[in-house]
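As written, the chain order gives the labels A, B and C, with residue 1 at the start of each chain.
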Amino acid sequence: MTDHGDNQQGRNLTSAYLSISGMAKAYRGTPALKSVDLDVNEGEFVALLGPSGCGKSTLLRLVAGLLEPDEGTITLADQRIGHLPAYKRDIGLVFQNYALFPHMTVARNVRFGLDMRNMPRAEAETRVADALALVKLEHLAARMPSELSGGQQQRVALARAIAIRPRLLLLDEPLSNLDAVLRASVRTELRELHARTGLTIVMVTHDQVEAMTMADRIAVMSDGEVLQHDTPQQIYEQPASDFVAKFVGTPPAAMLQVDRKIDGRFAVGDTIWSPSPELEAVLAPIQRVAVALGLRPDHLALTSADAPHALPATIRTVEYLGAERLVHVEAGGQMLVIRLSADEPVVTGAVGVAIVKSPPVFDLTTGLRLGRAG
Amino acid sequence: MKLRRAAIDTVWIAWMAIGYIVVLMPIVVVFFASFSDGNTFRFPPSGFSLKWYQAAFESSEYRNALSVSLLVGILATLVSLTAGTLAAYALSRSTFRGKTMIETLLLAPLALPHIVWAIGLLQIYAWLSIGGTLLGLVLAHAALTLPFAVRIMLSTFSQLDKTLQDAATTLGASPMRVVVHIVLPLIWPGVLTSALFTFLTSFNEVTVSVLIAGSRYLTYPVRLYSELRSQGIDPTTIAISAMLVAMIIVFALIGERFLNWSRRV
Amino acid sequence: MARKSTFLLLTPGLFVTGAVFLSPFAFLALTSFWTQRPNSLLVDPAFTLVNYVRIATDMFFLRVLFHTIYLGVITVLVCLVLGLPIARWIARRAVVSRGILVVLIVTPMVSGAVVQTLGLVNLLSLLGVINGLLKQLGLIDRSIRFLGDELGVLIGLVQAFLPLMVLPLLNTMSKLPEDLESAARSLGAPAWRLWMLVILPLSMPGIIAGSVLVFFASVTSFVTPQILGQGRIQTFGTVMYQQSALVNDWPFASALAVTMMVLLGGLVLALRAIRQRLARRSNVAGAV
C-alpha cells in the first residue's frame, strides 16, 4: 500500500499500464468472453471477481498469451502484445493447481524461467535465493515438489513467477486450494508481497471476501462480461447492477421489488407502503419500469409496525453472531436482513422496517442501477 | 472349520497350479532341454551339457536370423514409436470432430485378425513388388505394433498435466524447449515402455512374417517355425530360444520393477 | 493446438494404419470376387461369386469351419474353468504374491509364440516329457499321441490363450465390492450359492471380454494348429495359409478371409446386442 499510491498519482491517466479492449473468445462457438474492456494501472492490485465459469481464467490465459483471442487488443506498458507468443511476454502466471514441475527441485523450479533467459548461473542463484526468501521458503530449496504441503507448493509457484521479474503477475484462484486457516494468512502475505515488490497484480477469485479485502480495485464479471470495475468501496456502496449488489457483501444485498398501484400508491407484494418523501423521489420512474431496491443490512432499521413510512414486516429468524444479530424479516413475501447489535431487544411478531439510508434502485428488466451518472 | 478352510485352499491352489503348469511348462521344458546332452529333452533327463549353447554361438545361420529380427524390430519400433507418440500427443492435446473415430482407427489393429490381414497384405505387397523385402517387413511390423505404441502413449500423455507446459511457456520456454525440458523428462518411462513392448512384439511376430518374409530377410521366429514344420528341431534353436526367453523375462521383470509395466500396458 | 499441427502430427500414424493395415482388408474384399488362372500366378479380375459358392457348397470347408468354431468353444470353456480360480485368487487372496502371479501368467504372451510351440512339441511328442512322466507313474504303457491330434492342438490353444482369459477376469474381479460378498456370506449363503448368485453374475463383463478374446484368438490362430496338428488338423487359419502360400489360389484365400471377417463381425454385433439388453435389464432391476 505504500508506494503504488504515488505511482498512481504520477501516472498519465489516459493510458493504463495494462489495457484490454474488446476482448472476445468463444470455445467452439460458445462464447466464454464477450467483448471485455479492462484497464489496470501500474502497481495496482486488481481482482477479477465472478462466479465459477464466468470466464475469469479465460481472460487470464488470453492476457498471458496461452490462448488466442477471437477479437480484441492487449496493451502492456504502451506496447501492443497481442502478436507476442506467450513465452516472450514476461508475464508471470500462478496456476490454480500450482503446476510445479514434478521432476525438478524447488530451486530448479524457481530457476527455470531464469534458465530460459540464459541468465548466468551466479546471478540466477541469487535471484532464486531472493525469490525463495520473499516467500520464506529458503530452507526447502532442495526439496522435490511432492515433498511439500499445499501451502508450500503455492508459495513455490509464486516465487517461480516472481523470479523472472514479470511485467505483470497473474494469479488464478491462488487461495482456492488452501484450507481456511492458511487462506487467511496467505491473504495477508500476498498483500505484503504486493507492497514490497510493487508488482502489478491481477488476481482471479470467485470469493467476494477475498476480492474486497485484498484488491485496490475489483472487476466484477458475469457470463463473459465485466459488469463493474471499481474500488471495493464503490462496488459495495454503488453497485452498478443488481448482480453486483447480490454478489458482493456479507450478507449480500436483498432485492426488494416495489410496484406502483393504479391509484399511485406503492406496494411491496400485497402490502401497501408509503415511503419517505426522499425515497419517493428516487422511486419516481416506477411507472415506466419494474424496479427493486438493493437493501443491505445497514440501509435498514427495525421500528414498530405503525411508525411513519415503515414497511410492515414479520420476523422469521434471528441469527446470533456474537457482537451482533442478523434479523431475517419477511415483507410482502420478500426476505430482508437487518443488523442489530447484540444488546438491542428483539421484538417478535409484526414489526416495521425503516429505510434509514438511501439505497440503490435497479431497473429489473436491465438489471442496471437507475439514476447513475453515465 | 479352520481345517475345512485349509482343505479348500489346498484344492484351490492345486487347481490353479494346473493352469500355471499348462501355461509355463513349455518355457520350462525349453530351459531344461537346452542343457540336455541328447538331441531332445526327455523325462527323466539323460544328462547335462552346454554343447548346444556352444553350437548356438558358433552357428552363423542363426546369427543371421537373429540379426534380421533385431534389425526389423529396431526399425519397426522407430517407426511405430514416432508415429504413435506424435498421434497420441495430437489426440490428447486437442479436441476436434472425429477424434474418437481416429482413435478407434489407430487402435483397430488390436482387434482385427492378423491372419486375415496378412493374406490381404501379401497380395498388395506382390502387386507393389515389396514382398520379401526389408521395407515390406518393417512396414508390416510397424502397422502391427503401432496400436500398442498409441495406447501406451495415450495413457502416458493423459497423465501429463497440460498446465505444466503452460507454466513453462509463461516462464519463457519456447515450444521446443518446453518439449525438451518438460515433456520429454516426464514421458520417458512411457516412451521406454512402449519401445520395449513394440520391439518385443515385433521380435516375436510370426503369423504375418511367415507369409511375407522372403528368403533374404528371414526373422528368427520364421526360421524356427519352418524348422518345426519340416526338418524337426535342431537343439541349437532350443539353446538360442532359452537365452532369448531368459532375456525377455529379465526385461519384463526390470520393466515391472522400475516402470510399472502392468499398470501401463 | 492449431488444427494444422494436429493434422500433421496425426499423419504418420494414419498413414501406417490406413495404408498398411486397413487397405489390405479392402483389397481382400475386392480380390475375393476374382479368380486365379489355373497353373498361373495371374488372377482374372472379373467379378464372380465362385469362391463364395465353393466355400458354401464344399463340405470340406464347411467341416473345417465348424471344427474351427468347435475348437474355439472348447478352448474358451477350458480357459474359463482354469482361469476363474486363478483370477479370483489373485484378486482376493494374493497380496505379496500378486505381482509375481500376474507376471508368471503373462510371461508366455511376451516370450514369443513359436518358442512356446517349440516347448510344446518337446513336451507332447511320443518320447516327450508328458508321455515319459505318465509311463514313470505307471498310468500308461503305450505313449499317447498328442501331436497331429485334436488333443494336442487344444492343449496348445489353451496354453497360448489362457492369459487372455485371466487378464480381463482379473480386471473385473479385482473391482468387485468386497462388502457385498461379506454381506451375502453373513446372511448364510454357502460358497457355491455365493458364486452362482454374486460372483459370477458380477464378473460377467470380464467373463464375456475374456471369452471373446480367447475365442477370436483361437479361431484365427494359425501357428499352433499348423505345428501341433502336423497337417492332420485343419482349421480356418491353416486352410487359409495353404490356399494362399501353398496352393497359390489367392482369390480363394481372400474369400476365406472375408468369410471369417464377416462371421467374426456378426458375432461382435450379436454380443453387443446381448450386452445392451443385459445392461438394460440390470438397470431396470436396479431401479426396482
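Remarks
By our rule, contacts are C-beta pairs under 8 Å (C-beta built on N, C-alpha and C of every residue); 3 or more make two chains touch, one makes a residue touch a chain.
Since the structure is predicted, the reported quantities are computational estimates derived from the model, not experimental observations.
Distances from each chain's CA mean to the overall CA mean are smallest for chain B. Using mean Cα coordinates as chain centres, the one most removed from subunit A is C.
Chain geometry summary: the mean Cα position of subunit A and that of subunit B are 57 Å apart. Here the CA centre of subunit B is 18 Å from the CA centre of subunit C. We define each chain's centre as the mean of its Cα atoms; on that basis subunit A and subunit C are separated by 62 Å.
Listed in rising order, the residues of subunit A touching subunit B in the complex are 28, 61, 64-66, 85-93, 95, 97, 99-103, 112-113, 116-117, 157, 160-161, 164. Across the complex, subunit B meets subunit A through its residues 95, 161, 163-164, 166-175, 177, 181-182, 185-186. Subunit B meets subunit C in the complex at residues 8, 12-13, 15-16, 18-20, 22-30, 33, 40-44, 79-80, 82-84, 86-87, 89-91, 93-94, 96, 102, 105-106, 108-109, 112-124, 139-140, 142-144, 146-147, 150, 200, 203-204, 206-207, 210-211, 221, 224-225, 228-229, 233, 237-238, 241, 244-245, 248-249, 252-253, 256, 262. By the touch criterion stated above, subunit C contacts subunit B in their complex at residues 1, 3, 5-7, 9-10, 12-18, 20-28, 31, 82-83, 85-86, 89, 99, 102-108, 110-123, 125, 127-130, 132-133, 136, 155, 158-159, 162-163, 166, 191, 216, 220-223, 226-227, 237, 240-241, 244-245, 250, 253-254, 256-258, 260-261, 264.
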